[in-house]
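Next come two complexes, and both contain chain A; in the first it sits with chain B, in the second with chain C.
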Partner chain A sequence: MSTPAFPVPAEVDRLQRTALVAGGAGVGLSLLGAVFDLGQFLRSWLFAELFWTGVAVGCLSLLMINHMTGGVWGLVIRRLLEAGGRTVPLLAILFLPIALGLPRIYEWARPEVVAADPVLQMKRPYLNVPFFLLRAVFFFAAWSALAHFLSRWSGELDRTGSLRVARRLRGLSGGGLLILGLTITFSAVDWAMSLDPHWFSTIYGIVFMVGQALSAMALVIVLLARLRGEEPFAEAVRPQVVHDLGKLMLAFVMLWAYVNFSQFLIIWSGNLPEEAPWYILRLHGGWQGIALLVLLFHFVLPFLLLLSRDLKRSAPTLARVAGALFLVRLVDLYWLVAPDLHHHGALRVSWTDVTAPVGVGGIWLFWLARELRVRPLLPQRDPDLEEFLAQPAEGHA
Partner chain B sequence: MADAADPGLARDATPAPPRREELVGPGHDFASVTEKISSIVLQRRTPWGWFVGFAIAFALLQGMLLAVGYLLFVGIGVWGVTIPIGWGMDIINFVWWIGIGHAGTLISAILLLLRQGWRTSINRFAEAMTLFAVACAAFYPVFHTGRPWLAYWLFPYPNTMGLWPNFRSPLIWDVFAVSTYGTVSLLFWFVGLVPDLATLRDRARSKPWKILYGILAMGWRGSARHWHNYDTAYLLLAGLATPLVVSVHTVVSFDFAIGIIPGWHATIFPPYFVAGAIYAGFAMVLTIAIPLRKFYALEDFITMRHLENMAKVMLATGLIVAYGYMMEAFMAWYSADTYERFAIWNRMTGPYWKMYWALILCNVVAPNTLWVKNLRTSVPYLFFMSLVVSVGMWLERFVIIVTSLHRDFLPSSWGIYRGTFFDWSAFIGTLGLFSTLLFLFVRFLPAISIFEMRTILPGAEVEEEHP
Partner chain C sequence: MTRPGLYGLMAEFSEPAAVVAAARKVHEAGYRKVDAFSPYPVEALTEALALPRSRLPLFVLLGGIAGLAAGYGLEYWASVIEYPMNIGGKPFHSWPAFVPPAFETTILFAALAAVLGMLALNGLPEPYHPVFNVPTFALATKDRFFLCVEATDPHFDLDRTWSFLLSLEPRVVSEVEQ
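The block that comes next holds the complex of A and B.
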């Protein structure tokens, strides 16, 4: 790799090496698991893929929201988000095992199950293998295209500083958010909701949108805190920026609680046979412990902590909360999908449920670090960012 | 928006020129702002147009009083409510009005916390709009009880009857949500008015007005200590009001979603109702702002940028609402549940199909024209759009409430709902109540916050860090 003309923090190198080792080990162990139990491997792999795809797509959401709204918080993390978005092609490749093993994961992909179930027969126009794969191709293509153009035009903006390019980026983000909203919704229905093909909930797509944005925000805060000592971030990561990121994370935490509670309350009070079993499964057989854990550590504790102004203005402490939230995001997603993956039974964690997210995550972070070298880590010639950097700093993060 | 005509301008040498349109027209200073806004209340002769408008509004209000009088005399049978549609236009209008109120709270509280300077000239009358809309909304459930003099039974209080409301019913949550909302909105609005009331007190020429404004200004002297406490109080109230933007319409959505009627029992209802409320509210703010700025020549204060920003909020929330319709339809089909599928199919093709498709036209097709900048910045078009959205949101509530109830599980109990003369006269009457209050407000209180407008003038820039 040639030496780039802009500073790349040594931390990126460290991240890349560690991630590669972790990813290699995780994938290796998971493949070993595949030898013993191919079905279990595939289901764990789906969980890992769902989580990390969520992080990448969450990056795209935050990026486009910032193009629409403006704000220095988004300029400082823009390159991290763009790099996160550009991992989508990698995730498309990692989706292949799932695409090949659909019947081992999804009930509706097994003809004998469908033959015995009139409801699944009615759902066949939507839930069938070719259409499912076609949709998956479309989702990955749409996200890749968005990531590609967002990065490319942002690079153009670096070179020219042209307002016309900025306007084009804003236009793309407006339409892009629409596309993202629809693709996230339907990918959530396809990949996660259809694990229990009888269950349905109209808010499910929004639950995923919010969760993904929160995952991405938490990861970016952790990365930023690790990179903040080195150029080019040393100047830009100021308490004000960290504060704004912290506030946004708090907003996402609250939004997450809001949509999840709404769904729960409505289904609990309706108590209908086609909806309630989904929650009954998740609140019995050991899963209720996970639910409690998620409630405490995904909402109550981070909510209380993030109310503190001092905490939100300090990059290292905010990063600790963000790191913990990132892990709890993983637990939350597990609670959301795993009860259906394990044949609707009591809580049981397979070891590949751990190695697969580590493996996919390692490769993902390795790829991210690689992408972080492609461009300067802060946007160049952006008037808002220049104006911000020209102001005297008000103390250190 | 980035309107300074400098594409590709090299940005190295000089500090960047203002990239956004200013929030106040050129040539204004502290005195001219105060003079311009307070003169509407104090100095100018009341324009004849005001009298005409007020007379119409007041006549409609009288019509409402007649309709209500008859309702109290005969009973709520004069409305079109029957079984299976046990609540019709009363709940439709309740939700419609309460939704409209949300924009005022969003503008005054959330945009304040988000440091959006453009809220400043529109917050005052938007908050007033909230209060009046809540008053109109509260009318319906109270009168739908049939015995409004017993409406206090809705509140839980120890009584000799041993009677308590059902705390598991979202309708009782509504009582708390709406009464909290009304109280906080009133406090917020009044606290925001205090410095301006003092200005009016100081500038009023006649003694009675001096005394009246003086009482309302509560001894405001504008000392540094006053301002310090004032800022804290205002921020705290903004913090209190913020969750209300979400909670009130969430609870309203629970009125339906907690039940198990197909078409009501949808988990997406809370966020989609909140988005719809903001959408309808911004439409109403535009409906009020556009004539107001024209009539009193306030174009320097309520600028194109304000209107365009409101149009953008309308577009964004309109798209969320459209997403809600789409998810309802998709999930009904995906669920493969007979009743869910029938409910949505009946909406689209049943007796009320015209309402459904008119709703799609108003709330899904029409707002998408706001992607076009030329339309977004055309004042007549925005006014037209604001009316379209108000109609669309009324239709939405009609479709949700009536089509879900009129044909549910048992075909033998199907029915048809139609609003009667007294339904319509009550609705038009609340429009009269709302406009009467607005006319009085514009005439007797500053419709734009004077002291906050002063803070966004170029000369008000004090070099100080934001909190």
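The block that comes next holds the complex of A and C.
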């Protein structure tokens, strides 16, 4: 462990140190906030947990999609995605405060609210504390298992280069994507949609799925741009690979707009009293400003920028767009869940809403950097990657 | 020196890396009227030949913008100006409802611009081209890679270009008749 047999960029050490400091400070301040207002701390913590779990699960999505489709873009980032997936057990531990404080977050978990609300009584067979916790355990267990086997077999592939292992990975990814689709949908319904237990939208899970994949893609591009100066990425991060990642990020930006607009159009057209209030809340009381910000910086601007071929082929420029998108993802998630977290009121940002994502994110990135040391940062003995690296690099980068 | 009726010289390679290396050297030697042929896109080849960037993306962008304007304009004209109708109490200018059709016309116009622009820029359909006079050229759609230096290039000299191409170690160099 102390002297790995493969190069680990010094940037990983820097990332680990910075992340630990940020994580420690963020968590410390958030805990201080818990002393003043426990309920607010828990709601901020849920927001942070939703975001970073989304990044980890997004890593799993991209990883399994690449196992199914192939492509050098995914081979170059495979170890980053695997490490991201292996953070799920950490996120399960960080979920504990939420599990212990459900009544302070969700109104369906408060018996006195349910007693006065016939609709919530009808929903009780699904929305009750023990079943909610059981499902959460199942989600984390399923994601951990997927991350575990994807990493383990990929390590086996490094050692043996066996086609059988590669086929097994593809089989796992096929089934795994199905499991992921269902678990993401149900976890989104449980953890975020049930904040307003009267409201429902069938595309909600997909909104989360796409957002998570976009978060993961943006983060991976930022990491890759920082690591590309050192071995082993120096040789592998070529304009061609960066271009592919940029194109995929553009696709996810468009898909995000597509699914969000689909939900909006359907609810706007129907204009029904049980659906429309969700948007009315989010388009008044200051939230409309956030909505406009998300529309401009989550779709319009990145879409126009990412049309440029030159931008998509330059790692540092693409990483700036990706970094900005990553931050806007956070704002988008806030717009999605916070109006309900703050008792259905006007725009108000608690300072723990900032410290909690920084804290959880710091610990998460620290853990990610730790996981990045476990295996060589590029797949070994992969015929596609070897063939790609054997090709002459293009003249100017 | 060239001779009448000669279109150019064609070098034939079996490996993509070889044709990329050859294209780079041909470009460095100052030849500009050069084209390469391969069964599948070789990205490094475009760069090795330093071909000017295609204007097709611009056409597609303009097509998309025109499609967006046309689609949205049509909807606005129909629903707001020409035949306003009260549907579900919604305003005449109901932009959310206008988005899907406007999106579709954006894609339609952009796709048409891509196809027609491609045909306009590459000169297809073209019933006759001299490179097909090289007997093995049909393999360019299968497993061979070709590099053609045209006789109209100011640097072109039948003997010197011939021996220069041979020095790049192709399978064979052949004369291309007009």
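One rule holds in what follows: the second predicted complex is superposed on the first by the 393 of 397 C-alpha atoms of A that agree within 3 Å, B and C clash if a C-alpha of one lies under 4 Å from a C-alpha of the other, contacts with A are read in each partner's own complex, and residues count from 1 in each chain.
Here, a residue touches a chain if its C-beta (ideal position, glycine included) is under 8 Å from a C-beta of that chain, and two chains touch if they have at least 3 such contacts.
None of these values were measured; they are calculated from a predicted model.
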item	value
Fit or clash between chain C and chain B when superposed on chain A	clash
Partner chain(s) touched by A:Ile280 [first = chain B, second = chain C, both, neither]	neither
Partner chain in contact with A:Ala346 - chain B first, chain C second, else both or neither	neither
Touched partner set for A:Leu265, first chain B, second chain C, both or neither	both
First, second, both or neither for A:Leu100, with chain B first and chain C second	neither
Touching partner for A:Ala115 - first (chain B), second (chain C), both, neither	neither
Partner chain(s) touched by A:Leu296 [first = chain B, second = chain C, both, neither]	neither
Residues of chain A touched, compared between chain B and chain C (which is higher)	B
Which superposed partner A:Leu134 touches (first chain B, second chain C, both, neither)	neither
Touching partner for A:Leu307 - first (chain B), second (chain C), both, neither	second
Touching partner for A:Val21 - first (chain B), second (chain C), both, neither	neither
Interface residues of chain A shared between complexes with chain B and chain C	265, 269, 394
Parts of chain C lying in touch with chain A, wherever the complex brings them together	17, 20-21, 24, 43-44, 47-48, 57, 61, 88, 96-97, 99-100
Complex interface listing, chain B residues touching chain A	2, 6-11, 15-16, 19, 168, 246, 250, 254, 257-260, 265-271, 319, 323-324, 327-328, 331, 333-337, 371, 465
Partner chain C, residues of chain A touching it in the complex	240, 261, 264-265, 268-269, 271, 307, 309, 391-392, 394-395
Residues on chain A engaged by chain B in the complex (per definition of touch)	119, 122-123, 126, 160-164, 166-167, 174, 178, 181, 185, 189, 200-206, 258-259, 262-263, 265-267, 269-270, 272, 274, 381, 383, 386-387, 394
